[in-house]
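In the two assemblies presented below, chain A is common to both, partnered first by chain B and then by chain C.
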Partner chain A sequence: MADPVFVVLAVVTVGSAIAALELRSLVYGSIALMGTLGGIAGFFLLLDATFVALFQLAVYVGSIAVLILFTVMLVKRELIFKKIEDKRRKFAGVALMLVTMVALGAIFIDSGIKDITTDEPPVDFREIGSDFVTYYWPALILMGLILAGSVTGALVLARREDIEENGQRTS
Partner chain B sequence: MVNELVDFTLVSIALLGIGIYGLAVKRNFIRMLFAIEIIINAANLNLVAFGRFIPESGGQTLALFSIAIAAAEVAVGLSLIIVAYRMYQNVDVADFRSLRG
Partner chain C sequence: MSVIAPDFRLSGFIRSILDNAFWALLLANLVGIPAIMMVLFYIEMPVINGELLTPFLAFTWLADPSRILPIVHAFMATDLFRVMAFPGFGFAALIAAGTIFVERKLLAKLQLRVGPFYCGKIEGILQLMGDGLKLISKEIIIPAKADKPIFWVAPVIFVATAAAFVALIPVAPGWVVADVDLGLIAVFAVIGFFPIITILSAWSANSKFPFIGGIRALFQMVSFEIPLILSLLGVVILTGTLNLSEIAASQSVFPWIIFLPVGAVVFFTTMLAELERIPFDLPEAESEIVAGWLTEFSGMMYGLVQLGTYLKLYAFAALFVVLFLGGWHGPMVVPPFPEEILTEGIVMGPVTAKIPGLPLFTQEMLNGTLWFVLKTVGVIFFILLPRGVFPRIRIDMLLNLGWSKLIGLAFVNIFIALGLLYAGVLGPGGMLPQ
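Let's turn to the complex of A and B:
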């Protein structure tokens, strides 16, 4: 069965995922989201995927969570503490969540996935690196282009045109 | 391996359920983005877990691609939030009515 480290990580990850959605303040919510992302990085470490774990820490916890935090700070203070949700849909949402969890969980447990164990050594990260530059190189270049395009698109979207028309500086 | 594949899968399913709940119930644009992030992370956890137990390097490679694309998606989503907030002074998705076609 699962070892104590796994149980603690699972509790932290799932608990902070619930906290990220349910805490009243959006600032604390985004900090709880950071906990979820860090917990997933911990799972990657348990799965012997050190490279992916560090990538997750650098990209998610390091940049995305900070980006979200800064966006939250740009929003009015009343909106940060205001809970906007449909009361009528709350029970339907909880029911949907439970149905998803129970149905998918039952299917997965029943599917014979329990018998899968491995004693083989983990994948070497050098193999991943060489895969990236040999087999996956077109995808890697495409991903770079997508990243550049989306960041440029985000900059264009968030630019304030009303200030520029008055001849003021935007930056 | 001490842990079994089914344990990681169950954690991933729990995160998926929480994300679906958030997307269904919350009307705050930023909270919905949190829910999307949680769902993407559940998918990544599944990829790496199955890649460990096969074992095959493709799972980790795909997870790396997925993380990078998710970063781009969050950047665009946050800039959309900022634009919509500037237009409506609100982050409630029910207020963004004129965004409908």
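Let's turn to the complex of A and C:
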């Protein structure tokens, strides 16, 4: 017997994911995407990973979804999307999705993940933190450098010289 | 001189009141009391003085003042009381309502006006009630081409999110609605919802002024969230916990603002921006874009948004108090509950009333609440004050301030905290006591 909370979360997550793809209105689609990301945060809560769940809410729902909404609202969709109404494409997409899901499910079931039973408490986020700064520190620093590099690159790309030449502020 | 109601008859007025009272009593007897009995039957009732509180006992005890107090005690221990009344919504809404009135009066005094004056005999003290009645009775107008579902839902979600923020704030030792182990992260997660609601409601109105205001709000809130989060990390580094109750409890000797003044200043500035207060009130700039993202709201929808805004203001001020000003800590000024009332009862001439269950609140809780409210009101005063003094700044100046100056200062604050920690002054095993 599955946990009813799990079933509700699964329905919300998958349902809003399908809605995010299928809805005609882009704004409603991005709201549905927020539902998906929030549902995944709910799964993390069920797994006793409160830290990850709250960060999922703060980062994905709070920032990424806002970014998507913002982009959708600024861009006229007629300019970037061409409507292609094609039955065959649609059915091919659905069939491809089903094949992928069945294949992935078969791999998961075959991997023996169902047989794992453990009574260990969930990993404390403090342990993850201390692991990051002791054992995994090169990876952490590499990640920090890559992020800093990409932010600098974005700043360089976003600079507009035509405005600066006129003596206006660009910030 | 015009007459408001020319056909007014006092006898008719009294008759209508009596008529209403008759119907109210009749309906209460025929429908109300049976309904209450049925509902009470399904609610799990507490055990008081060794006997289970049945609905019939509850009704008989309501008439006996000496037996109400245990019922009140049992009710105060429930989650419902915490959510609805004391550290939760009711308490915060009371402070929010007081803030609205004080803000209007304070601004008027700063600008040598009188402010609310006529409603109520003393200094317009009933103005708030009048405004509330006006908002409730006004028609709600939805723009014809608005996106109706989002437009209806946005004010409600705004208030709900603000209430969720309020629920995380510890007011007195043990008095908090949701004592989350990762309280500060939960605060960041809740704050992240405000820009979404703002931009969605602004977009759904399908009008250019709300949309411009919403875009400005989005820019402002998203870019000021980063210095907001960074400025609070210093406190987390020094206390070693994310639980807001533990952070407040760790400041029994000194508040963190003594060692982290830079973080406090950065947090206060970002707080003003997140709350859309002057000088950062670009999303609602009334001289440029009508009322910003609130333009199309009317009636009680506007009232809900306003309530949510002031709940958010209270919650931010309370967060500042919890993180930097020592929370509920302060000298014990509340006198202890008189012992003789507990042992001998209240003596009034020949009558002695012995009331069981009397110290309704402990001395620590009353004292903590008193200091917490005093500090919060002080912080709210400093949030209101710039509105009477500063002009609005430009959006590019705002973003420049947030991205280049405040983030840098927040890092300076983190380095101060790390220095204090590694020098062995503060933190676990430090020189100074916690």
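Keep in mind that, in the parts below, the second predicted complex is superposed on the first by the 136 of 171 C-alpha atoms of A that agree within 3 Å, B and C clash if a C-alpha of one lies under 4 Å from a C-alpha of the other, contacts with A are read in each partner's own complex, and residues count from 1 in each chain.
The rule we apply is simple: a contact is a pair of C-beta atoms (placed from the backbone, for glycine too) under 8 Å apart; a residue touches a chain by one contact, two chains touch by 3 or more.
Predicted model, so just to flag it, every value in this text is computed and none were measured.
Look at A:Val8: by the touch rule set out above, it reaches neither chain B nor chain C.
After overlaying the two complexes on the shared chain, residue contacts for A:Val27 are found with chain C alone; chain B is out of touch.
Once the two complexes are laid over each other on the shared chain, residue contacts for A:Thr117 go to chain B alone; chain C is not touched. Of the two partner chains, chain B is the only one touched by A:Ala92; chain C is not. When the two structures are aligned on the shared chain, A:Ala106 is found in touch with neither chain B nor chain C. In the superposed pair of complexes, A:Leu54 makes contact with chain C only, with no contact to chain B. Touch criterion met: A:Val66 reaches chain C, while chain B stays clear of it. Taking chain B and chain C in turn and counting the residues of chain A each one touches, the greater count comes from B.
When the two structures are aligned on the shared chain, A:Ile141 is found in touch with neither chain B nor chain C.
Shared contact residues on chain A (touching chain B in one structure, chain C in the other): 51, 55, 63. Contacts from chain A toward chain C in the complex involve residues 27, 31, 34, 50-51, 54-55, 57-58, 61-63, 65-66, 69-70, 73, 169, 171.
Interface residues of chain C, counted against chain A in their complex, comprise 147, 150, 180-182, 185-186, 188-189, 191-193, 195-196, 199-200, 203, 211, 215, 218, 222, 225, 396, 399-400, 403-404.
By the touch criterion given at the top, residues 1-11, 13-22, 24-28, 30-31, 33-35, 37-38, 41, 44-45, 48-49, 51-58, 60-61, 63-65, 67-76, 78-83, 85-86, 89-92 of chain B touch chain A in their complex.
Chain contact summary for the complex, chain A toward chain B: residues 1-3, 6, 10, 13-14, 17-18, 20-21, 26, 29-30, 33, 36-37, 40, 43-44, 46-49, 51-52, 55-56, 59-60, 63-64, 67-68, 71-72, 74-76, 79, 83-86, 89-90, 92-94, 96-98, 100-101, 104-105, 108-109, 113-114, 116-123, 127-128, 131-132, 136, 139, 143, 146-147, 150-151, 153-155, 157-158, 160.
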